[in-house]
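Here chain A shows up in two complexes: once beside chain B, once beside chain C.
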Partner chain A sequence: MCDQTFLAITFGPCDSCSENRPLMNLYIKTEPINYCSLCMEIMACQGLASGETLKSLKAESETLRKKLEEERKKLHDVELEKVAEKAEALGELNMKTRRTLKGHGNKVLCMDWCKDKRRIVSSSQDGKVIVWDAFTTNKEHAVTMPTTWVMACAYAPSGCAIACGGLDNKCSVYPLSLDKDENLSAKKKSVAMHTNYLSGCTFTNSDMQILTSSGDGTSALWDVESGQLLQSFHGHSADVLTLDLAPSETGNTFVSGGSDKKANVWDLRSGQNVQSFDTHDSDINCVKYYPSGDAFASASDDSTCRLFDLRADREVSIYSKDSIIFGAASVDFSLSGRLLFAGYNDYTINVWDVLKGTRVAILFGHENRVSSLRVSPDGTAFCSGSWDNTLRIWA
Partner chain B sequence: MSGSSNLVAMKKIVQQLRFEASINRVKVSQAAADLQQFCMQNALQDPLLTGVSSSTNPFRPQKVCSFL
Partner chain C sequence: MARDMSDKEILQMELDQLKIEVSTTRTAVSVNCKETMEWVEAQTEGDPLIKGVSDDKNPYKGDKGGCIIT
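For the complex of A and B:
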């Protein structure tokens, strides 16, 4: 008999046999229980004895799933587009590339704005992470990571540090110094350790904590100073490709999307998966919260973007056209939430009217896939990074 | 034994579904109305929506010249 291999997060005395073993953390009715794998087996078999066979559990899960479907259908009394008919139509949008940031030697994979609305950090396939001043297009700092495919990068809220990671399975934090000659790699701090590539990272409200998502199917919350794992989030059955933190006014949750076509909403403190949405037909490449925090949008390889409302617990709008056949890699909302910018693998950026579900504009300019897209903190512009090695600022 | 680990996995799924089935939900009409209200309230503060003039937008060129 061999029990399954699991990622042991804690090691210590088991709650039932009191021996020091690697512990599996389970929640029963929100009570955390730390059992070693042997006691877990025993408890599972005892659960069996009280009348619950595998068959009965399967049947119960089917009925629960059906019940969920019904509940969600009952609330679907009207479409978002219908409600938004009375809203004013949007005028012509006049957006053009205002700055082009050249300097990366290979595909740009990720970018993030600094809270000062002017600095941008971007990472690329060749392992370079560059901090730009978007107004002047000057490069302020450059770091060479010991790995290629740096798929995630983030700016700290204070503007004093950046975090990045990729195929090295780690998330590293680099404090930025004003001294241009200083070697940034010397001060590097490895914060997160996953067992597969790092797909996304973001700082929480302070410089002290980082949330990461990984190809190993988990997301995790880490303390930057000590590198300690504070909470881990299990529930995806395949790679987690993206995550986004809820806007600070609405509380401690985040949403993650993965290759299992699901988007899950998690509670930061308990690690509990509070809501799950699985209407996409393919991998979810990017998720972003609506500015009010009550909804989120997702971009997927099935060439659609969708809006999910958290309080109605369902998908409320789908942004797609028959002429769009390439996957969407990245989305972001404008400040008011009326516009949704989405970057696609056919080198274009489509701008959607969130309420009416119609496309407002197509932006051309990039010469390869648009891999990441973010609106600046004050909403005056947005930046897109592409596999054509450049970043463009649009306003 | 893979049998009991299936059981543990199944139990977790059922617990998760029970939890999800019990959350409070709002009607789509209400949720949609709230989304629309948020958009309307913040529309004026949205520079990308209203189009900010060259003098206030740091990214737009100040000089009158055409870019090709």
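For the complex of A and C:
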């Protein structure tokens, strides 16, 4: 005889795992609880131990994860490549290095464009942060940070300040003055304080707030003027290596990627992690929002770049080739979102067709790994910084 | 900070997160991809890296040498 049969009065979605199962009607202090037998047991075990045991937590986590997977699968009715078959094929791309910015004494780790589409700030391992004019290749400002490995730098939206940081665990803001003789280091303002290295920083829509990500596993939003912590974002279980803010029209979110192979989307105001993606096989080195704001791309040490759609809540495309075995360090989209530029550790830059998932070009030129890559604000060119101490502007 | 947390706390954090995520609204991939594609095609005309820019408008091109000796 089956000893697991019982008379189920109701059959329906369980309160706890939401699957359609025969429900065991239980009343706890006159509250009706409709759980399926699985969840009933889990709840009972949790009640017995004072606080949950690791095992029950893991079990609950597993069921939720499976459920999440199912929900996501339900919506995966077609591949992006299939939808893109109707799209026009791209013509021949003719991109070359147009400018080479030389002047850093050591590896270039990070760079950012100014909103005036002309200036670039770049930071390097030797602690120097240089502001260049991309058209003329002149250096406009140079600051020496009191730390080496300046891994993050950002230009303020107004173009009047730069923020940078690295192994000093801080993010410092330097207001840029037109007076060439003025010592920029004197005006330095320490804004963010983390407990481990600073991996990324960006200004929000104004000069007044900075978003930072750190090796201590958290990201944080700071007020520049007072240096106060406005919001902190916890959720990664390892170093946060990169972050990107959503394009202004689409709202107050940002995405971060870390060594725990996860990319998380956060709400700036509440500090809540709203979505999480963990399909990568290795550290995520760079994340970038799609120009429309509905998706983002990530570059990882597993040598692939992936496109994640936020509304479908899943990965929709992988940009990889068997011949690419080196990790990708940086990605950015072209203005229309049709092209994805990715810089790799094998010294090349691959250009991918976002919709069709194919590679359209390989750009050679750097003599060491490409550490950072950004398309200019008006889309006319993109700049890549490399461990060969130079930056190249391609157009 | 994640390093200082015990395994149990990390699991609890993951669990709370999953609970929130299970209830997010999602739309079908076919709908989204179609919208994305339409958006991209509309924007492609204005993308200088795809369509190219004439030499006189592009600040980076033209540097093709040539000095004028007077």
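By our rule, the second predicted complex is superposed on the first by the 337 of 395 C-alpha atoms of A that agree within 3 Å, B and C clash if a C-alpha of one lies under 4 Å from a C-alpha of the other, contacts with A are read in each partner's own complex, and residues count from 1 in each chain.
Definition applied: contacts are C-beta pairs under 8 Å (C-beta built on N, C-alpha and C of every residue); 3 or more make two chains touch, one makes a residue touch a chain.
The model shown is predicted, which means the values in this text are computed figures rather than measured ones.
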| item | value |
| --- | --- |
| Partner chain(s) touched by A:Ser237 [first = chain B, second = chain C, both, neither] | second |
| Chain B versus chain C as contact partner of A:Arg99, first or second or both or neither | both |
| Partner chain in contact with A:Glu41 - chain B first, chain C second, else both or neither | first |
| Chain B versus chain C as contact partner of A:Leu64, first or second or both or neither | both |
| First (chain B), second (chain C), both or neither touched by A:Asn25 | neither |
| Chain B versus chain C as contact partner of A:Asn252, first or second or both or neither | neither |
| First (chain B), second (chain C), both or neither touched by A:Asp294 | both |
| Partner chain in contact with A:Asp216 - chain B first, chain C second, else both or neither | second |
| Shared chain A surface residues [contacts with chain B and with chain C] | 52, 54, 57-58, 60-61, 64-65, 67-68, 71-72, 75-80, 83-84, 87, 90-91, 93-95, 98-99, 118, 134-135, 235, 272-276, 290-292, 294-295, 309, 311-314, 316, 334-339, 354-355, 375, 378-382, 393, 395 |
| Residues on chain C engaged by chain A in the complex (per definition of touch) | 1-3, 7-8, 10-15, 17-22, 24, 26-30, 32-37, 39-41, 43-50, 52-53, 58-61, 63 |
| Residue ranges of chain B touching chain A (in the complex, touch as defined) | 1-8, 10-21, 23, 25-36, 38-43, 45-49, 51-52, 57-61, 67 |
| Chain A - residues contacting chain C, complex | 18, 52, 54, 57-58, 60-61, 64-65, 67-68, 71-72, 75-80, 83-84, 86-88, 90-91, 93-95, 98-99, 118, 134-135, 195, 216-218, 234-238, 260, 272-276, 290-292, 294-295, 309, 311-314, 316, 334-339, 354-355, 375, 378-382, 393, 395 |
| List of chain A residues in touch with chain B within their complex | 1, 3-4, 26-28, 40-41, 44-45, 47-48, 52, 54, 57-58, 60-61, 64-65, 67-68, 71-72, 75-80, 83-84, 87, 90-91, 93-96, 98-99, 118, 134-135, 235, 272-276, 290-292, 294-295, 309, 311-314, 316, 334-339, 354-355, 375, 378-382, 393, 395 |
